[in-house]
Amino acid sequence: MSSVDYSQFSYFNIYFPAEFVAHVEINRPRKLNAFNKDTWTQLRDIFHLISTDPNVRIAILSGAGERAFTSGLELSPELLAMLNGGDYEEERARFMTRKAIRDFQDSISAIENCSKPVIGLAHGIAFGLAIDILSATDIRICTSDVQFSVKEIDIALAADIGTLQRLPKVVNSLSWCKDVVYTARVFGAQEAHIQGFVSNVVESKQDGLEAAFELAKIIVAKSPVAVQGSKHLINYSRDRTVQDGLEYTATWNAFAIGKDMKRAVASTMSKSKPQYGKL
Amino acid sequence: MSSVDYSQFSYFNIYFPAEFVAHVEINRPRKLNAFNKDTWTQLRDIFHLISTDPNVRIAILSGAGERAFTSGLELSPELLAMLNGGDYEEERARFMTRKAIRDFQDSISAIENCSKPVIGLAHGIAFGLAIDILSATDIRICTSDVQFSVKEIDIALAADIGTLQRLPKVVNSLSWCKDVVYTARVFGAQEAHIQGFVSNVVESKQDGLEAAFELAKIIVAKSPVAVQGSKHLINYSRDRTVQDGLEYTATWNAFAIGKDMKRAVASTMSKSKPQYGKL
Amino acid sequence: MSSVDYSQFSYFNIYFPAEFVAHVEINRPRKLNAFNKDTWTQLRDIFHLISTDPNVRIAILSGAGERAFTSGLELSPELLAMLNGGDYEEERARFMTRKAIRDFQDSISAIENCSKPVIGLAHGIAFGLAIDILSATDIRICTSDVQFSVKEIDIALAADIGTLQRLPKVVNSLSWCKDVVYTARVFGAQEAHIQGFVSNVVESKQDGLEAAFELAKIIVAKSPVAVQGSKHLINYSRDRTVQDGLEYTATWNAFAIGKDMKRAVASTMSKSKPQYGKL
Amino acid sequence: MSSVDYSQFSYFNIYFPAEFVAHVEINRPRKLNAFNKDTWTQLRDIFHLISTDPNVRIAILSGAGERAFTSGLELSPELLAMLNGGDYEEERARFMTRKAIRDFQDSISAIENCSKPVIGLAHGIAFGLAIDILSATDIRICTSDVQFSVKEIDIALAADIGTLQRLPKVVNSLSWCKDVVYTARVFGAQEAHIQGFVSNVVESKQDGLEAAFELAKIIVAKSPVAVQGSKHLINYSRDRTVQDGLEYTATWNAFAIGKDMKRAVASTMSKSKPQYGKL
Amino acid sequence: MSSVDYSQFSYFNIYFPAEFVAHVEINRPRKLNAFNKDTWTQLRDIFHLISTDPNVRIAILSGAGERAFTSGLELSPELLAMLNGGDYEEERARFMTRKAIRDFQDSISAIENCSKPVIGLAHGIAFGLAIDILSATDIRICTSDVQFSVKEIDIALAADIGTLQRLPKVVNSLSWCKDVVYTARVFGAQEAHIQGFVSNVVESKQDGLEAAFELAKIIVAKSPVAVQGSKHLINYSRDRTVQDGLEYTATWNAFAIGKDMKRAVASTMSKSKPQYGKL
Amino acid sequence: MSSVDYSQFSYFNIYFPAEFVAHVEINRPRKLNAFNKDTWTQLRDIFHLISTDPNVRIAILSGAGERAFTSGLELSPELLAMLNGGDYEEERARFMTRKAIRDFQDSISAIENCSKPVIGLAHGIAFGLAIDILSATDIRICTSDVQFSVKEIDIALAADIGTLQRLPKVVNSLSWCKDVVYTARVFGAQEAHIQGFVSNVVESKQDGLEAAFELAKIIVAKSPVAVQGSKHLINYSRDRTVQDGLEYTATWNAFAIGKDMKRAVASTMSKSKPQYGKL
């Protein structure tokens, strides 16, 4: 459906279940969808493509198979070597560690920076990196059998690619948040729902995909100018004072208000469904 | 009860149901309390008056009639023209759009910047602008039949007068928040309560007014020095680091601690009710 | 168990119920554990000691006796004189007021700035200062009979040592938060739990201590490098943009990744329990 | 020349020496152009009018007569009473002090917030308030006989309407800045020039006006879209990170690039002088 | 000298006049080194390469030929079309404008974000884009015949790729800065020197290159760990509070202090010249 | 003259050359006033004492003897061991390095955080740490023979106790600033003056002390309420937006305006010299 080439990614399947909807599936099911270096590079490249592809207005992210969204980072010798700075000596090795983390962070941030909304569907095992990734999506759904864990503390790591930054800003209780960060304990769908980490719990992965597709269809029928603006402005304002958020928003809408509003108003009058151009 | 003239506002009723309590009612019930340009200008002027009126210590905001708090912005040709920059050409028209949004934002911010607390009572239809306004109040109550909707996306607009800035900072779950922003779906009292958008749900509008009056009476019996300081300091600190909030607060209390504390302590000792001066 | 001298504090008991676990108990039970000037100075000194004591990896904070966590500040003539600037005249007295508040704030912030996590166990009366202190802990547990109150407004004071800064950042609903701040009303365990102020409710103080010890034992078995890093990074990121939080975190882990990760990974491989060095 | 009524201001003369150029003159020469309460209210109102008057593209601010730009605030009993809170008691009086300062600050900020550039011409005595006002202008010129002084310390006041905020951001050396703030010593044209406070020194007030008119004529020939954008964006970026400044600027130019650029490019090609519409 | 392939850039010459020194020359001399779209993409790619190339420790940036550093952006029909959003309609075209500016900004920021210091050598014509680029370098030198101009206002553009953000932060006087921004007037070497825009003025381009090479040789003999850290930390701290700058710096040096310090101290003792490893 | 005991500091002489004036002299002349660990701890303690000593209103900081202000940090084996984390292993040692830097930063920040202004008199050798210290003073004077150097890069260190944060904010040109940071080259009085690092150059150390005493006498005759407020407010505002600086300043003056203003105004009327109380 899309003219962009999404077939180049060995670790991901990309489907188009409906017009304007992309379904991105982490595809290493036999490894519980664990991430190696190529996986995270591909994740970044996919969301860069989606961000500017006018044929996509929303993305859904899940894992392939039933068993896992992702079990997290694959602790291969190569990865550990990279995190420890490769062949560089002492403080130079530390520069390389820092750079590797920054690169990895950029891959995860590609989801947040993607101009289109992303729905995360968590199912099965969702450990470590799964929380980093899901915290960077816009709307989170999970299955009733999901097993979440902020796992990093169990490899003696302060989570460094987004969980410590984003999780406290998307959930209810900081007390709960520190509990699951310090203990790495597994928590389930109900707890995630009460805490606001997910806004919908479904029975099975299949139900989750259907719920995500339903939600996606509603959103892609809206003006992409307004949807993409809303995503950007919520994320921008989250990090700044209310006054700065307001001023930036007025400046944004000074260019973003236009034909779509006229179309929407006219459709309301005529009780027809508005058709919006690509973006 | 107040010496300030509150009778000048054609779109609002202002009552004084108890000493120090103002009840501001949006009064266009036949239009479902929809806002035209004059309505929002009056809203700003009213809260400017209340902010410095020593006879008012708290305000309650509701809609007139049973059907609606407000159905939102009235999409008149005049309003659409103004949002599109009036007679100015191209980029100059955009300057005018930006200015119109900034002015409208200032009207809503007048509630947040009002030195006295504001209780929002949502009932019936509470669409679009209703969420912008309610997010700027301090305490929110709703009736069980309320219908909320972040409606802007349905007119192809990224909400630009406060919802995208304030709603994520007053509720529980960012996932839920983006869901209702992107879809414009209606949500009710229970969902609003679970998400923390309202802190009290009542049966009817009448019950809501009584609950608001009860709450107001408790608050106006407290020191207005302490209540107004608390509102200002919570809002200031919400937008800044904990350290900056603490330093600003110490500087504030360096002037705000005084006679009222002596009165309060003496009343505690004598088990009498303290009387506080006007502010 | 610890070589640091914790016996010097007249208003606190300090126990070591398990390896690496300190239990700090406010010890003025006949005064409902109210704070006078020495109490808060000692609180600061204790958490400074714990922060650099390699024999402590986590602290639990409770009140002595069953009746109260703390009833708050003791409004002695000395304290009131100090808050009013002692013998200094007019604006000079206000400088002294400001300095007294800043010093008191630093005592409370010693808990947040302590490099080790702190679990707060609230029980019985937990008024005023109790909320300031608990908001600065990392994880909060309470008993079912707890009585919380943001009490400051009842002495005509805008709370100035942390509640107005931290409480809105650790709980669910800003509407609820302003309600309890403006009214000083008592709220109980269930309400605190729903709002996310506490993440666990237990039957009795004894159950609370056991729950806290269980939680503490899980956390002290983790790498202190990772736990202390996580606390610092969550608090740092809470106050800044996601981007700034990410960059700071990468810089932090450039030095913090090291032997513990190798130990943890090796333990995972060998299914043994990792032993971590002191910090 | 302008359709806006500028004749209503008793303490200011407003001239239009050339198309699109307003010359605002503080007009209390017998009082050395000192400011009383009405003067600063009028200052605010004038710059609000100019900000939205399409017939004005730049303003020049000077004092009437040869002797003074302004000698600063007139310390009348009324003013001192207002600064001390009027009839209110103790901490309530302090609230009024704070409000009076905030209002006065807003008058000065009206110059900075004016969408059009403002050239300040300092001459003769320029004490206290003069520095607050001049620091809020965009471009500063002075005569060789000017006498500047950050005078506030001599009335036991930490300057509170802009000098302490803006002066350090517009000059060279913070050491010099603190020297003149702490000592209130008079400094002249040469020192002001070396420190970058002024960017041009002229012989006499008449020369200064001519220099200002020349500069103004150059600027009003440029696109007002670009000039007003530049003023706003420099001020916005001064207070924020380079990254935030860049993002805001891109968002701004997304609406501000338009017909004027086409006109400018066409004029360059045809070597004609571009004509820009009003703004 | 370097193993990285720098020969792929059609609009730039890259020389290695000394060990660890790269000389990047904008190479469109017949077009006065004007930038088209490929030029700025190549600029970004070159500084990305240099940033991670251990064989380069410093870069010098100049224009090819005597006549110009760069005359700025080439106003081709393609460029104008891109800035106006290409084929997209109305507000969608504005999204494209914004994206084009953001991309262009990233090219310029590649100089600031390059981990190695960059010396800018300005000579001949240095208009528009030249100021954006030079403001993003670390150290600026110019020839006595240089002609600077913040030219953007002459094409009705508020400069949007860095000048308005960075120029005020690298020079002396904000009054002077707004003067040259609003008027687009040409200024020369002496004025640039007095304002601190350049820190060295030389007779000719050849002298400038020699001065730059001399400076570069001094810097490449220093520890690259310390030099790159200093660049990063100065830029980070410029945009933040002193306290945030200090905390970030302590965290940085927690990993960056190491072998090089031991080498440096040992060399000082033995009065030998330290040899530092690559970075 | 002062009741505080200043005789306890082995590495500093403290004189009181005039009422309210403290002269702090670094007293290790045979070591060129180099700093070991005790020196910097004492520096911190001295400025803490001065900050709250009502008998001191201003401090002057110089080195003992003619040869040096300070040659900087003494690179003893103890210091190097501490910077490298003592006996701790790997990442734990890095935690200790970070803590040592934070402690050292706090010593230097004690000058900036001292409520009284500090005049720095630089003379002879002023290397490394000297720049960190001087950048934290308020007003800087130097002798004509001074030799400044940002020396840290020569021990392979990115300066980490204040120079990289404060120097760019107190001087003219960022290009010059990076030049002296990257090269560690020596610069003299004239260059320091042109760049605004010092605001006064004198012939000899004796002249410098006299100039400092003269300046100090002028400042101590002013209201300490206004002087200390000005120092605090300039430093606060330097790091924040103009709007935040203004709001904080209004809140500050709400308590700081009082008797001293009345005294000052009365003195102006009666042409007498005002007498201000201690602070």
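Which chain is which? They are A, B, C, D, E and F, in the order written, and residues in each are numbered from 1.
Keep in mind that, in the parts below, a contact is a pair of C-beta atoms (placed from the backbone, for glycine too) under 8 Å apart; a residue touches a chain by one contact, two chains touch by 3 or more.
Predicted, not measured: the structure shown is a model, and the values here were computed from it.
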Chains contacting each of chain D and chain E, listed by label: A, F
Chain pair equivalent in interface to E-F, over half of contacts matched, among B-F, A-D or D-E: D-E
Which of B-F and D-F has more C-beta pairs touching across its chains: D-F
Turning angle required so that chain A lies on chain B, C-alpha fit (0 to 180°, nearest 5): 120
Chain C-chain E separation of Cα centroids, rounded to whole Å: 47
For chain A paired with chain E, centre-to-centre distance based on mean C-alpha positions, whole Å: 35
Centroid spacing, where centroids are CA-atom means, of chain B and chain C in whole angstrom: 33
Multi-chain contact residues (two or more partners), chain D: 94-95, 97-98, 169, 172, 195-196, 225, 238, 240, 243, 251-252, 254-257, 260
Topology of the chain contact graph, where touching chains are joined (line, ring, star, complete, other): other
Chain pairs in mutual contact under the definition given at the outset: A-B, A-C, A-D, A-E, B-C, B-D, B-F, C-E, C-F, D-E, D-F, E-F
Interfacial residue positions of chain D with respect to chain B in the complex: 52, 89-92, 94-95, 97-99, 225, 228, 255-260, 277-279
Sites on chain C touched by chain A in the complex: 117, 138-140, 169-172, 195-200, 215, 218-219, 222-223, 225-227, 229-231, 233-234, 237-238, 240-243, 245-247, 249-257, 260-265, 268, 274, 276
Chain E - residues contacting chain D, complex: 75, 80, 83-84, 94-95, 97-98, 101-102, 105, 109, 112, 152-162, 164-166, 168-169, 172-179, 181-185, 195-196, 238-240
Footprint of chain E on chain C - complex, ascending: 248, 251-252, 254-255
